[in-house]
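By written order: A, B, C, D, E and F. Residues from 1 in each chain.
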Amino acid sequence: MAGDSMISCDIDLAEDGRHTGFLRVPHSTHVSAYGWIGLPIVSIRNGGGPVILLTAGVHGDEYEGQAALATLTRELAPEAIRGQVILLPMTNAPAARAGLRTSPVDGGNLNRLFPGNPRGTPSEMIAHYLETVLIPRADVMVDLHSGGSSLWYPPTLLRGGGANAAEAARLRLLQDAFDLPYAWVFTGGGGRGSTARTAMGAANRNGVTCVMAELGGGGVIDRDILALTLRGLRRVLHALGMLPGHTPDPANGTRELHAEGSVHARDAGLFEPLVEIGETVRAGQSLGLVHDRDHPDRAPSDVISPFAGILLAKRAMGLVEIGDAVGQVARDADPP
Amino acid sequence: MAGDSMISCDIDLAEDGRHTGFLRVPHSTHVSAYGWIGLPIVSIRNGGGPVILLTAGVHGDEYEGQAALATLTRELAPEAIRGQVILLPMTNAPAARAGLRTSPVDGGNLNRLFPGNPRGTPSEMIAHYLETVLIPRADVMVDLHSGGSSLWYPPTLLRGGGANAAEAARLRLLQDAFDLPYAWVFTGGGGRGSTARTAMGAANRNGVTCVMAELGGGGVIDRDILALTLRGLRRVLHALGMLPGHTPDPANGTRELHAEGSVHARDAGLFEPLVEIGETVRAGQSLGLVHDRDHPDRAPSDVISPFAGILLAKRAMGLVEIGDAVGQVARDADPP
Amino acid sequence: MAGDSMISCDIDLAEDGRHTGFLRVPHSTHVSAYGWIGLPIVSIRNGGGPVILLTAGVHGDEYEGQAALATLTRELAPEAIRGQVILLPMTNAPAARAGLRTSPVDGGNLNRLFPGNPRGTPSEMIAHYLETVLIPRADVMVDLHSGGSSLWYPPTLLRGGGANAAEAARLRLLQDAFDLPYAWVFTGGGGRGSTARTAMGAANRNGVTCVMAELGGGGVIDRDILALTLRGLRRVLHALGMLPGHTPDPANGTRELHAEGSVHARDAGLFEPLVEIGETVRAGQSLGLVHDRDHPDRAPSDVISPFAGILLAKRAMGLVEIGDAVGQVARDADPP
Amino acid sequence: MAGDSMISCDIDLAEDGRHTGFLRVPHSTHVSAYGWIGLPIVSIRNGGGPVILLTAGVHGDEYEGQAALATLTRELAPEAIRGQVILLPMTNAPAARAGLRTSPVDGGNLNRLFPGNPRGTPSEMIAHYLETVLIPRADVMVDLHSGGSSLWYPPTLLRGGGANAAEAARLRLLQDAFDLPYAWVFTGGGGRGSTARTAMGAANRNGVTCVMAELGGGGVIDRDILALTLRGLRRVLHALGMLPGHTPDPANGTRELHAEGSVHARDAGLFEPLVEIGETVRAGQSLGLVHDRDHPDRAPSDVISPFAGILLAKRAMGLVEIGDAVGQVARDADPP
Amino acid sequence: MAGDSMISCDIDLAEDGRHTGFLRVPHSTHVSAYGWIGLPIVSIRNGGGPVILLTAGVHGDEYEGQAALATLTRELAPEAIRGQVILLPMTNAPAARAGLRTSPVDGGNLNRLFPGNPRGTPSEMIAHYLETVLIPRADVMVDLHSGGSSLWYPPTLLRGGGANAAEAARLRLLQDAFDLPYAWVFTGGGGRGSTARTAMGAANRNGVTCVMAELGGGGVIDRDILALTLRGLRRVLHALGMLPGHTPDPANGTRELHAEGSVHARDAGLFEPLVEIGETVRAGQSLGLVHDRDHPDRAPSDVISPFAGILLAKRAMGLVEIGDAVGQVARDADPP
Amino acid sequence: MAGDSMISCDIDLAEDGRHTGFLRVPHSTHVSAYGWIGLPIVSIRNGGGPVILLTAGVHGDEYEGQAALATLTRELAPEAIRGQVILLPMTNAPAARAGLRTSPVDGGNLNRLFPGNPRGTPSEMIAHYLETVLIPRADVMVDLHSGGSSLWYPPTLLRGGGANAAEAARLRLLQDAFDLPYAWVFTGGGGRGSTARTAMGAANRNGVTCVMAELGGGGVIDRDILALTLRGLRRVLHALGMLPGHTPDPANGTRELHAEGSVHARDAGLFEPLVEIGETVRAGQSLGLVHDRDHPDRAPSDVISPFAGILLAKRAMGLVEIGDAVGQVARDADPP
């Protein structure tokens, strides 16, 4: 079905050197008959060797990865690398241009649309092109996320257990190389027969080793997290033998977690957090209060965690509606 | 002109005890003929004594003060206080309900609309009611702000120099009592003839001693800043003799600053900060980069500060347009 | 200031016969440079005699009057009348075209904008044109309203007490002629020095005898109320000597009321009415319940009337926000 | 496919007692990553016995059923019933919260989306959950509707003829128990192989006996229709043996109708009705006039009914566009 | 699948004479339960003979065809024609009423939705009805387009090469009869097995001989192009033997072109064209400049054509975004 | 009042050389506290001599002037000129960025807002800054317009008769230098006491000699008109002695007209023009037809011109509403 895509690519991915251009997603609108949506794509290639696909902006309001890939585009000299680095700094470009999680063109949440549809909405066409054209070219994929506008995460690597021992080892190598403070290790899924609608599911279906990262959030770039991101990406390239001239500094080590679940508001109002990221959470503990500002004399309601562990993510917006996640709880993979 | 207001008050401000109700701002709409916009108002009174007016939500997306005043509404027992505490937790209620800086009803930025207009927009009617009815009742006013959705401030008290020596002393007393890490001291304005369109301007015109506070931002509540806010408000009440049973803990001290100015983006794009709040800024230094994500091969542009000092505030949103403030620079009032 | 209006009139109001055209309100927009907003105007004139101005659509979603004036436009033969009937079936035409209480062009509630402004928004220009050009031409004005989208009224005439005994008599004559089931008689205002921002205020300032009518509501035409409206208007013309060939049927009589006030929701939710129009209300009685549909196990809140009397109007929309009027209470002018 | 649903339920439907919670429809948005849409669900259970599913808010602006189910939630004591009552007072909760017929999240008209899709839009996920999880648990289903914002119906039960004689008898028992003034009896459809995209179609496919009701409309609650609704629901529970302590009052009787069809406007304008609900309609008769308010001198156009019978429903909005139904005509099932 | 359509037709297409009515597309909305979207349809028939289907408004903002078909509706006397002319002046009526390329109801670009879906969105239902009901009735189809709001075309016929020699001859006959200045001849596609999602694809799948025309654009009617359009349509009817009384004037001749491709902006800004329609374009030539108005001191960027030929179409809007087509280049089918 | 403006200027207008920067209009929004709207400003100065102010983008969708001023910014070498050229290529920058006639920030039509308000909306602040700061610096002002999105004009100079003989001569010199095909000469207004709310009114009040130009329209740049514009501006600078090195080519001559008035649609629908720009119009002649596309069998209505002359401007949009200008008629100032 790969040949079915209506998306074309401005640049020749088989050519050596640094090339930047657009993936052209046909999109005919009132203000643009015969036009296309342009997704910036960068290829930096130097002969044979591993191919790594770096994606950011799958959710448009997750910015650290977008800045990191723009910086790598200029920083990585073709002659300094081995193999090929393909960069997509704004994978769902309409969402990224608008600063929104989902596409303003079709409402699509790209990370819920794989394997996509070559004749569907622009977001579905993008998912299909990645699943059938770009990801199959790669050996390794790194998909850069963050908490976006509504959540904050500490710098956290996300990965599965691997489809087999060899992939498990590669995943651990990537985790060690990226060297972020936390890793969220999935306890299920991840095989070649994955039905997940995420980019990582697409990688798994294609047999491409894939890690994700959550790199802050709140709809803004954190300087220090961005530095950790760029450091990690250079270390990953070096660990894969793709950046031989790089000298990595000593690793800081990573705390491995399993997710317990998210905790949600059951009343609308103003959210006052009682627990910070990294703090211990007991089952039955209140993660925060929801104030009824219209009636300040009424007692606020508590948002009770049914889970025990530590707080891995927290809400980055002051107001909550019923059903909004105010936090995510995780426990140590290897409890002390 | 006070008698001109079309706003009425649900509760009797002259009565002792704790009372909560609404200020009723007449507003006739397609879905509500003969309706009103309700601004929650709380009066906690115990006989004669000082009257303090506490306002939050003048900008609707500044939340720490809103939560603090909702908490004080329930915490302050009438019998524990002397005088009267009047609380307006959502001063521009339509903006606060919508989580917006400005009113979705009329676009009004309430802190630019004083002295208001009794026959104008709802925001102008609110400004007029404060200027002519509520503020004249008060001896002291504390107006709680934060950076809102687009900026972050560290906990900072704002004040003028005082219209005279007595007020200067009262302002210093309030600053010492609030005990926030920073104080931004205005070097001009503030007299009885002020033409400022802010709530503080209204207080100055009425001869009411007024301080403001910037308490975080980013459109979200910070737990630790909220704790400093509540601690400060209790200390202020105690310092004014209004909360005699309270025992304040030792003060931390406040660093006094004068503002130099804001620094603005001159290109649109993704903003990568290079300086954090509290760090030193040299004149000519870049506060950050603006990435052109459509053309990642183009160099980002720098946002140069013409000012020297420290960074007092920074942008809390990832994307910038031409003219957006990416930071505010201030210098020590008493340089070492 | 009358000569200041930028509004021009398509038809010659001094000419005999039936003429229809537009009042042209200059309005230059992105899609219409040098264009105007057209307000249909009709003049039916037969020599000297009284001039009556009939207005509908001052609020755009109040439809009975609009249909009645469209019908009268075709029904009234110039040769059958004495004097002049001027009809404005869509006084705030942008609002009426959109089916909204207020103008989608400028948000204006026309009945709160008199005396208007010849250089202001379109709604303000319309108010000014009525106040300075059309109303001064008239001897009598009838302004047709209803509850609009958010309220229902039974057929009710509204009037003041008259600036003097002669006008009081004329107002009573108009009330008796219109012969609606209810009359809401204002106990204040109405003199030549009125500062009211309503069309009736404009009439009072011009010394033009004016009645209003509330003719149903709910954003829809009631067949039987429309019939009462047309019957009343024909009877009014006959009573003024302007429709000599008409033979009125016997009067039904009118119950005179004084308004007590509106009763408002203090919680948002789904409103369940407990009292119907015309039923007796005791002070302290609940006019209805507000259900919290998100938490159906929580008890609904009551909307308590502080007033005693009968229910004159009730809300015509299922959902309520804080501050929405759920009903209006009035008492008999001459209690039994 | 039932196991496929991504919707989870807060409460245990197999437990005795009264339980309220949310159905959680996963929905990840710009302001709520990892969030869900909450549909209130109530279970009132007392041991074995019939299971009845009561739904309201399938169309969000149909309110009588929503208020009735909120009231029953609190009124029905678990110990007073036999079997289980499952209540969904806001079946398409996003539409109901917004007061709209269709969902503001995805535009979905829930009653046109069955059998739904477990990976589709929120509205499609809800339809699928009802079709595969909730409806199969039930013996009887009552789906409460009204004319919504654009139509008015008198209190009317809707039912098919039954898939077989036993179901026909059960349907007649439900009709007699509900005891509304009218019943609209479908002359086709309704079997186990139904392809209808309605909730009733889903019930038919599951072999669940189902009636609907139209209970007013106009986007507002009618007090007397709400009383008839609650009376009818209590009578239905009693007739099914689920509310043994209830003593029904004598029945009023129901007039059975078959639908002829809807009648539509062919011009846009202001609609003036000429026929009221319950009145006789001749084929070729005008149901009303459409006024061209821009040109009041032009004759209005008639909306001609091609059908004979009585008027069962009428439009509840003043303005019409081409294609809007201005009324529905039905004839007596057993003509005199 | 034809019988599956939920669209019904007001008029009897098998009857002789001139009939106008609506295709009724069921569409139930918040403001119109049980309503439909009306697509005007006209049938002018005089006994047996060829059936021609004339469509305009497939894109709602392409107006010349819409005016031409409205004019033909009144001009063509049934007694003057042989066979049947079916006219759809607003094929995607919601888009045409709104003056938009795509439907405001569902966002659908009708000419990308064939073969449609009988249970899909309104636009998909329309496509399906044409594909399965209207087009199969026709022998010949003429689909009238223009550049719409964003492009300008000179009067240009569009056609394929024909599925076989007989159709090739019919297509040439239609081209010669229409006699527009240009013809854009497709070099591929067009067979009975077409998978194209256009109306022409639907015609090809049905074995109906079909031509399109591009007739100006810019979202406005050009008087002279409209005259050429009407002249061409009369000539086509005459050439098919359907308008025997017509005497065509001498032909002007048509220049045949093959398309090379569209040329797109790679920067956003204000577009200054350097080449006009009909002028020669060299490969590598700039078609225009994109000005950065925020920084007028920066040099504008060129939009380079990779193609040689003549400029067939150009952008009709001043501002461009990345990916907007600023022109289309074509070459002579038979180069001199 | 000049000192009252809150607008500041990035560049020093008193300095020699070419300088580009922003006028900073303070504008505090939800996404930009302490931000400003940037209006690009350019100063090119070489010692003493005349000061000319060139403005474009007073209406944001009028593009020829914007492109011309961007081009002049780069083309005019400071050493080649005498005196000072101040360029404002996007005078109402928010409107120009959005491609709208009026500002999306405040709805303001800048050319109806002079003399502005230093504390008003951004558009009013801009008007005030021009009226009190920039225009008083100038000797001559040229304000570049076009028909915008809704109208087309041929290249036309606009001017008054001059406040006195000297200014009349200067205006004629500017007209002859600009050398456009048409000139629209105003027969009234223009004195020092002008109350006009236009930029030209502001120039008149300041005693600054001012001409305007209408340079096409339709929301797009015409290549040939842009060339005439640049040619004219260079000739004007040369004629004023400011561009001594320029050698103007021979003049083409200008046809002088007086305006009769605009002609407006009285029905909504699709507009078919019958008269082209430059053609003769008789009083009573139809300028075009308005088609009722919903009822193509109904005759279109004519738009009758009450004026005789030639057509100077015509509508550039296909659809019309009641009150839209479909054309403007003018007569020769010196009839043959």
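Worth a mention:
The definition used in the following text is that a contact is a pair of C-beta atoms (placed from the backbone, for glycine too) under 8 Å apart; a residue touches a chain by one contact, two chains touch by 3 or more.
Please read these numbers as outputs of a predicted model, since none were measured by experiment.
Any chain touching chain D that also touches chain F appears here: C, E.
Interface repeat of A-B: among B-F, C-D or D-E, over half of the contact pairs recur, by residue number, only in C-D. Among the remaining chains, C is positioned farthest from chain A, on the basis of C-alpha centroids.
Remark: chain C and chain F have CA centroids separated by 43 Å (rounded to whole angstrom).
Centre-to-centre, using mean CA coordinates, chain C is 49 Å away from chain E. The geometric centre of chain B is 59 Å away from that of chain E, both derived from CA atoms. Among the residues of chain C, those in touch with two or more other chains are 38, 61, 294, 317, 322. Residues of chain C touching chain B in their complex: 61, 100-102, 109, 112, 147-151, 197, 262, 264, 266, 317, 321-325, 328.
Contact residues on chain B toward chain A in their complex (touch as defined above): 18, 20, 38, 40, 42, 57, 61, 63, 66-67, 69-70, 73-74, 87, 89-90, 96-97, 99, 218-221, 223, 226, 270-274, 276, 291, 293-297, 299-300, 315-319.
On chain A, the positions that touch chain E within their shared complex are 22, 24, 27-38, 119.
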